[in-house]
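One chain, chain A, links the two complexes that follow: it is found with chain B in the first and with chain C in the second.
This part shows the complex of A and B:
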């Protein structure tokens, strides 16, 4: 008995802080979403207003595009890098540290640096592409409606694929040697080994990392916000940015709250899938 | 980590492919930083030339001078430092107690509370900025150090608790019991036995929390709008407009902002990566 209550005493301060900072705002968002700015109950009016806004469906599709595009390339490039780094070669430790650098630097630094590199007139990227004649004339990567979102995704991929690589690499290095030996006795080639030994063994890591990346893609809006603010012409407007702009630029707290509630509902589904997956991993991994 | 000595020769990638792949990875990861550093020491004229100049003929520190003496960046640097250290330390203290509670005691509702902590880490921050802003305004904490330090608990505390709990669990509970039989109190055990044994875990939590808060953008954008509390990421973002996008200065400011993180990361890398991937390898 005494033991039980002592446990509560230890965890209580942290839980109180988290409750105050997370649980309370969530409940408050719910309240804001069904009231007007005087605090009167208005039912679902905020929801219908924000859903009727022209930007909302645009933001929804952009968000989907942003999340899916980012995740696919992050995972593929990350896994390939992990397989490469799992090879024995000289300087491997150095390459591995270097790989992590994009992930560690501030998102805003990635944003400013890439914005400068992608500058239409003076950017190095346009120069590198025009000089050998890959493209005829400089492209306005960040001002052209059809290239801006792919560029945001590319920057996000550059920033996050190292994380996938390092997690998958850790998984690869914990594969017992017997499995490789068995494959080798059967005369497996390298790519057969990748396909039949490595990938199945790190499947659970890849699934967990992928879900985490989905959550992060929904969370991290630094790159897009810092480079384009959601423009040009809402081409890179994703829902989190719309929430921010509705609240702090249009000062429509209640509509922003209604949008938050819907965004939250989607995010919580992903979070629960993630937690269930995590809970079921140990059995699979062994 | 890579100590496994292959007894049978494994089939591997051909050497040239490894070389090309490694070279590509290094180039892709580092080129932007090289270009950033290079741009930061170019003169205005050399920045805006077509074709771009690969190596400045007269490297200059003017951009750094501008950033360090003619802008608000030093002030923002200080703000970032205060806020990051404040929230990191506060999160660590709270996390030490909570993790010890989770790792060493059994109480009703523990699994639920633990998963709630994890959920807290994963929730979309954008969904709660509005009520947080209103709450902070009511408490008079908008545009104060304390406001951001508290809000940053949302990002740092859950993961700190999570990482430390698994770390504490790996320390044999018998040590605690032996000390208690010898007359130590629970707190005495925590501070004299558990904590000294978890130094690597504590350091990786510190580094993680510091880096996350140093890099954080959205909360800072919403809750610190006055230049007396603005953090570096916000300073950098507005720097582009403030100087009519003087890219040389922006790149110099980027270098200034990246350096502390780079130094911290390179010096603690082994611990950091170990802590990060511990979950992945243990399954």
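This part shows the complex of A and C:
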């Protein structure tokens, strides 16, 4: 008992810092969401106002598309890359490092570069497509309502798949060679090895990485905000950007707080799943 | 032992909080980078005359400045003077983030009235304007000659502007570039004047009525967006802001576009081959032209450490001569307008535009209102909706915000 309370005292400074940095902002956001800008209690008025805004349902559906689209391609592409990089071939070390480049580039740099590459008039993408005559007219990648969200997802996939690849690769390298040898003795083809040896062994890694990616995609701002600001006509507006714009562009901190509280409720579910999965992982592997 | 740990943790956090707090007699002044050289000169002059006050100049950049200022104002650790755009001031005043400055302004009648209206709320003055400007239309005289138009007689009415844009487009350039992307303000500054000239607007001046879907406004929005629909504005319109249009003008891909006087210098520097002309913004037959007045003001945050010293310094900056020196465009004071640096012939059209400049509406929800309008314009440009439907949709959104 005595021992335990001493322990608590030792972690107290760290808990105080954590409390100031995490608990206080969360509590303050909760307070903001039920008051007006003069600090008077207004009940759920901020919630009903922000839910009535035309942009809110649009942002909700966009967020869903954004998260699902990003995750599926990031995971599939990442796992395939990891399997490829796990093979023995000349220049493997070089390819491994080059693959990491998109992930290492700062988000804002990547976003600005892509915005220029995809520009209708000056962009190199349209130049490369029009010069050899693949298409006649330049395409407004970022201004056409049906291409802009897929483009954002593509950029996000490009940015994050190396992360998946590196995590899965680490998992693949920890698979004991005996398993492959046993499979080969049984006459397994390469794809059977992938399906019956590699994927089951890295399953827990893939699950953990996927949940992490979901959390990151849900909280994402940089790429979309830097390229389109959520436009044109809210086609790429996702909820985190709506929160940011409501707070810092429209100066409606209370409504932004209300939206954050609702969004937090959704995000916390994912976080709980993530924590539970991580906690159960060691048991599974044994 | 435990007490010591707790105490040192407290000491560390207090130390962290105290960093960045101004000392007595020091005025922290945030000014944008384009002012830096002239601001330093003014600071030196002021400090020589007022040895008791130190000015700590901190340079900001306009990109993301509204967010940065707002964060500083809300954080409780704000500088003493901040340069902000006129349009932002009202929001600060309504949220009690800045101090009223009526006691500093001594010669009210020497200021351009629209500039003072901009920063007035509840019959009090919340900022001191020092810089004003408006847009006009910049055009390429060479392209005019090429298209068989008279470069010395630019279009004055809407019909003439459309005719000129068609002729210029036929000659292989984008005749008249509008904006449909970037920050909301870009399109407000370019589309709203056309709505005003035609007797429309986004909301009424007193902020009680929605005007965005009146027949006059619809006609003006139709006029504006048709430049894109008819192919007279570049195909990249939906991603272009004022800067992108300037780049296209410098690349000679665009023949006419709406711009401020600061664009003239950068065009001359980057493509000296272009013979630049400037025209007053074309208006409907028989109506006056109009423009949104823009520019910069000084505010003193409510949390400023040394507001009295800050006021002394602002009074110095507001003197006609100093204001005329600090501004990048035109000063907010009439007497400063006579300084020799404002005699440049290419600036004369911009000077002509100033009396037609009006403040953008100062409604508490203006940012959301303008966003609703801008979203509507983008829906038109995307081809999702026709002008009437898009503006009716915007009107419904704006109605809920009034």
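Everything that follows uses one rule, which is that the second predicted complex is superposed on the first by the 270 of 286 C-alpha atoms of A that agree within 3 Å, B and C clash if a C-alpha of one lies under 4 Å from a C-alpha of the other, contacts with A are read in each partner's own complex, and residues count from 1 in each chain.
Rule of thumb we're sticking to: a contact is a pair of C-beta atoms (placed from the backbone, for glycine too) under 8 Å apart; a residue touches a chain by one contact, two chains touch by 3 or more.
Please read all numbers here as calculations on a predicted model, not as lab measurements.
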> Does chain B (first) or chain C (second) touch A:140, or do both, or does neither?
Replying inline: second
>> Once chain A of both complexes is superposed, is A:99 in touch with chain B (first), chain C (second), both, or neither?
In response: first
>> Quick one: is A:233 in contact with chain B, with chain C, with both, or with neither? Answer first, second, both or neither.
In response: second
>> For A:250 in the superposed arrangement: first (chain B), second (chain C), both or neither?
In response: second
> Is A:54 touching the first partner chain B, the second partner chain C, both, or neither of them?
Replying inline: second
> Touch check for A:25: first (chain B), second (chain C), both, or neither?
Replying inline: first
>> On the A-aligned overlay, A:114 touches which partner chain: chain B = first, chain C = second, or both, or neither?
In response: first
> When the two structures are laid over each other on chain A, which of chain B and chain C touches more residues of chain A?
Replying inline: B
> Residues on chain A in contact with chain B in one complex and with chain C in the other?
Replying inline: 6, 9-10, 13, 17, 119, 121-122, 248, 253
> What residues on chain C touch chain A, complex-wise?
Replying inline: 2, 5-6, 9, 13, 66-67, 70-71, 74, 91, 94-95, 180-184, 234-239, 247-248, 253, 365, 367-368, 371-372, 375, 378-379, 381-382, 384, 393, 397, 400
>> Under the stated contact criterion, what part of chain A meets chain C in this complex?
In response: 6, 9-10, 12-13, 16-17, 20, 37, 52-55, 119-122, 137-138, 140, 142-145, 228-229, 231-235, 245, 248-253
> Any idea which chain B residues touch chain A in the complex?
Replying inline: 1-2, 4, 6-13, 15, 18-19, 21-22, 25-26, 28-30, 32-33, 35-36, 39, 47-52, 94-95, 97-98, 100-102, 104-108, 110, 113, 115-120, 122-135, 150-151, 153-154, 157-158, 161, 186, 211, 214-215, 217-218, 221-222, 232-233, 236-237, 240, 247, 250-251, 254, 257-258, 261-262, 265-266, 269, 273, 276-277, 280-281, 283
> Of all residues in chain A, which touch chain B in the complex?
Replying inline: 3-11, 13-15, 17-18, 21-22, 24-26, 28-29, 32, 81, 84, 87-89, 91-92, 95, 97-102, 104-117, 119, 121-124, 127, 131, 158, 162, 166-167, 169-171, 173-174, 177, 180-181, 184, 188-190, 193, 204-205, 208, 212, 215, 218-219, 221-222, 225-226, 239-241, 243-244, 247-248, 253, 256-257, 260-261, 263-264, 267-268, 271, 274-275, 281-282, 284-286
